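Two complexes follow with chain A in common, the first pairing it with chain B and the second with chain C.
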Partner chain A sequence: MKRNAPFFVGYLPVPRDLRLVLAISAIAFVLAFVIAAWAVGISQDNPGDGRFRFDLGRQTVTGVLEMRPYPVLHVIEGSKAIETGETLMLSGGGKFGVAPRANQLDDMVVNAKGILLNRGTIRMLQIGNQRRDLTAGEGQPTVPEPVNLGRWRLAGEICDGKCLAGAMRPGRGIAHKACAELCIQGGVPPVFVTTQPVEGHEFMMLADADGGPIMEQLLEKVGIYVSLEGRVEQRGSIAVFIADPNSLAVLP
Partner chain B sequence: MSVKYIPVQWNRFKSFYDLVVLAMIMGFLWVFVHLVPGVLPHDPAINPQIHNMRAFGSCAFFLLTAILLIGPLARLNSRFLPLLYNRRHLGVLTCFVALTHATLVIRWYFVFSPTDRYVALLNTNTAYTQLLGFPFEAFGIFALLCLIILATTSHDFWLKFLTPPVWKSLHYLIYPAYAAVVAHIGLGAFQDQQNPTFGLWMVLCVSAVVLLHLAAARHERMISDPSALGPSDGPWQALFPADDIDEGRAKVARISNGERVAVFRNNGRLSAIANACAHQNGPLGEGQIIDCFVTCPWHGFQYDVTNGRSPEPFTERVATYNIRLRDGVVEVNERANPPGTPVEPLDIPVRRPGNEA
Partner chain C sequence: MMTAELLIVLAQIWGGIGAIVAVSFLTIGIEWIDEDAQGAITFRPLLIPGIMVIWPLVLWRWWALATNQDRSTSPQAAPRRCHATVAIVLTIVISTTLLISASIKQTWPDHVPAILLEAGQ
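Here is the complex of A and B:
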């Protein structure tokens, strides 16, 4: 300490020579925090246009339920917001899938009620929690024939379809990784977001090599930029990527 | 100084200090939480829950940075010592901000699921063998635990209970906590950001912390206390000329056993005490004598220079040393007296003009 430096003792009045230093320090710290908050706050990335479509109201549609790899509905009688012929991924509330309620309705015509989520071309129906929100319907259960779109090696990200569709904003990336894994473990359909669209499909529902739900090997790589090889099928209006987990490579 | 334990011994400066810290935190959160959403062009907006967890998380990071800047600033320039005075309150408030961030994260990302939220937090992402997608939450949990330990042991009760050396060692946890926060952000949110602004702020903050610590270490080396001039006879060691000590101040030397001794000049008489304050090992030799008591520059703890005892009713004590003068040079007996042992101050012979050797 310099000989002539003012000496500060907390419980005594602040020496005159230190008052200006302290006042400037206090103002500088407060200003720095305000500026940092503004700079960091306004630089947040756009989370995209995904959202719950509460504005469109509760949707009631009829369609054919297909359970593998994850529940989807091929709509045969649409609503104002959902066209006939469209294929919708299905989920339950929160991080729950709809499979436990839908298993006994596989390949059957069902009536489904819920809230639509959509982000670009990805669309999902969150089925209501009541038993009457997913019931057996009447009609001919015709599942569209899958169309083979070929074998592809695709680069992109494994996401959970619900958060990506707008349940969370943002609903993808590494910060969201654990949430996405919980959703997929809960039965929400996973989606592969590809950087190289296949026949116009930027989002594909993801299936494991056996055509069923994805297993640990793919689950670990949720939220990371990866490449995967597998077969792409068109099922109704959506694409399904049946990926070989052994072909997975993490990309820089 | 404390004779009994009460939650906070308020004084005007502590109140001012806490008001400034609250202004920093409230200013940050008010801008981030209330002003920023109004100007962001996103439609639909970022989830308020995610927006708020980012606000509290980044606020905690900047607060931790401020905490770590204060130490080296005070070492480089004693005018910044007042910023050190109430830093514990800054640490406790930082812990609350970080805790709020963690609560918001758990109550948003780890709920609405069949898995218990805390089990989900620990069990969901377990990819510890990969760098990309590493469970960055683990770093956040570690940092939060460190902050909780630091906040709960910040009171003087723990300082006395654990003893200053153990307490100080424990409170170095602030460094692994900061490193963990940097890893938490770097392997988490930072990976997703396309806009580089937050990354640049992070680099700026971490660089400032590292560079100021290096500068302070260099400064400490340059002004380090001189060693004793050498052994005189037996346990006596020669330190420095008595004339080098200014009235009301001390000069410090490191003796052969590694201890630092502060020799004070008070009313023309010399007394020696241990340099480390009994409170937080502050450098008593950099203090001043106020109202006949040595006053520590860190928190104002006081000691009678002739016996190393705090004025009653306070009970802190430091060791005293026996000193003597030989040819105008102060010599110290390297064997410290038990803390609080009275030692008669040493008169400095008045040199008459023309009497010098």
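Here is the complex of A and C:
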């Protein structure tokens, strides 16, 4: 650089020779950000309308708890926002499931308090963190009999049910993969979102081949579009996809 | 190992090494290579997060200045000389990364039908 070349200092008057360069640079900089923001925006999928339903207030319901593959509540006494007979997936706060608190209440009538998450037909209850938010209730515990809907080959995506239902926006896709893996490892129920509905179900709670929580083979493919084979069961008002990990194939 | 676990482990390893470098550099190295820092203590904790992130660069500059490999008139001369190269390389790398990631992005497979393999009972 020449010894007396003009030099830009932010808090000093702009040297005459640099004014045009500065103006062009500033406009180009702003335009570049506008174009980049537009390009990133149009390349993203619609995050959907899922959200925490704080507007509906805290829900208090009674139901029968079923723990496998992940905790769900078959509601026998609903609230304004939750109908009797509905089956709700359950989660704890943050990236945690509710299993550690719910294990001793399996197949029992429980009283549950929490906040509803809702995205289309996907509904989940985030149980409050207090011990009194999930307690044993009174009544006859009757778990709905599973209905075998057949063996299917389905295409879609493995997501964590909580973020998909509205805890995160976006709550699915490759950009959300790490979050979804942490949520599922923390015990949040995973769901399989299908490209085409099966007996009216566009999403299904996902279970491993033994009917229990999903293992590493499926966990590794969270957030990626895959095809899977397995048995679909109707349990209450939700469907459960008992998938065979060996049938998993990544789609192009 | 899960992708998320791997990222956390890598970040822990990187940050752990960075913390060791930060402590060593801020207690010993900084006074060797920058006489203006001698006796100046209170600003040093502010450098810890930055050093933990770019510790390889800190080690390289520490080694170059401490062993007199860098004979420039100013300790900042070497980084300044490579500014243009780094800017060009980063522009190419970032643009290429964005283009590749956009081109290999999966598309929602709504053309793949749900196939009933065996009817339920």
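Everything that follows uses one rule, which is that the second predicted complex is superposed on the first by the 207 of 252 C-alpha atoms of A that agree within 3 Å, B and C clash if a C-alpha of one lies under 4 Å from a C-alpha of the other, contacts with A are read in each partner's own complex, and residues count from 1 in each chain.
The rule is short, and it goes like this: a residue touches a chain if its C-beta (ideal position, glycine included) is under 8 Å from a C-beta of that chain, and two chains touch if they have at least 3 such contacts.
Since this is a predicted model, take the numbers as computed values, not measurements.
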First, second, both or neither for A:N148, with chain B first and chain C second: second
Contacts of A:T194 with chain B and chain C, given as first, second, both or neither: second
First (chain B), second (chain C), both or neither touched by A:N246: neither
Contacts of A:G41 with chain B and chain C, given as first, second, both or neither: first
Touching partner for A:Q130 - first (chain B), second (chain C), both, neither: neither
Chain B versus chain C as contact partner of A:I224, first or second or both or neither: both
Touching partner for A:A178 - first (chain B), second (chain C), both, neither: both
Residues of chain A touched, compared between chain B and chain C (which is higher): B
Contact residues common to both interfaces of chain A (with chain B and with chain C): 43, 45, 174, 177-178, 181-182, 185, 220, 224-225
Residue numbers on chain A that touch chain C, as the complex places them: 43, 45, 147-156, 174, 177-178, 181-182, 185, 194-198, 216, 219-220, 224-225, 227, 229, 231-232, 251-252
Contact footprint of chain A on chain B as seen in their complex: 11, 13-14, 16, 20, 23-25, 27-32, 35-36, 39-47, 50-51, 54-55, 58-59, 62, 66, 78-83, 85-86, 108-115, 120-121, 124-125, 127, 130, 132-133, 135-137, 187-189, 191-195, 197-198, 201, 246, 249, 286-288, 290, 295, 297, 299-300
Of all residues in chain A, those that touch chain B in their complex: 1-3, 5-12, 14, 18, 21-22, 25-26, 29-30, 32-34, 36-47, 49-51, 93-96, 166, 168-170, 173-179, 181-183, 185-186, 220-225, 250
Complex contacts: residues of chain C adjacent to chain A: 2-4, 7, 102, 105-121
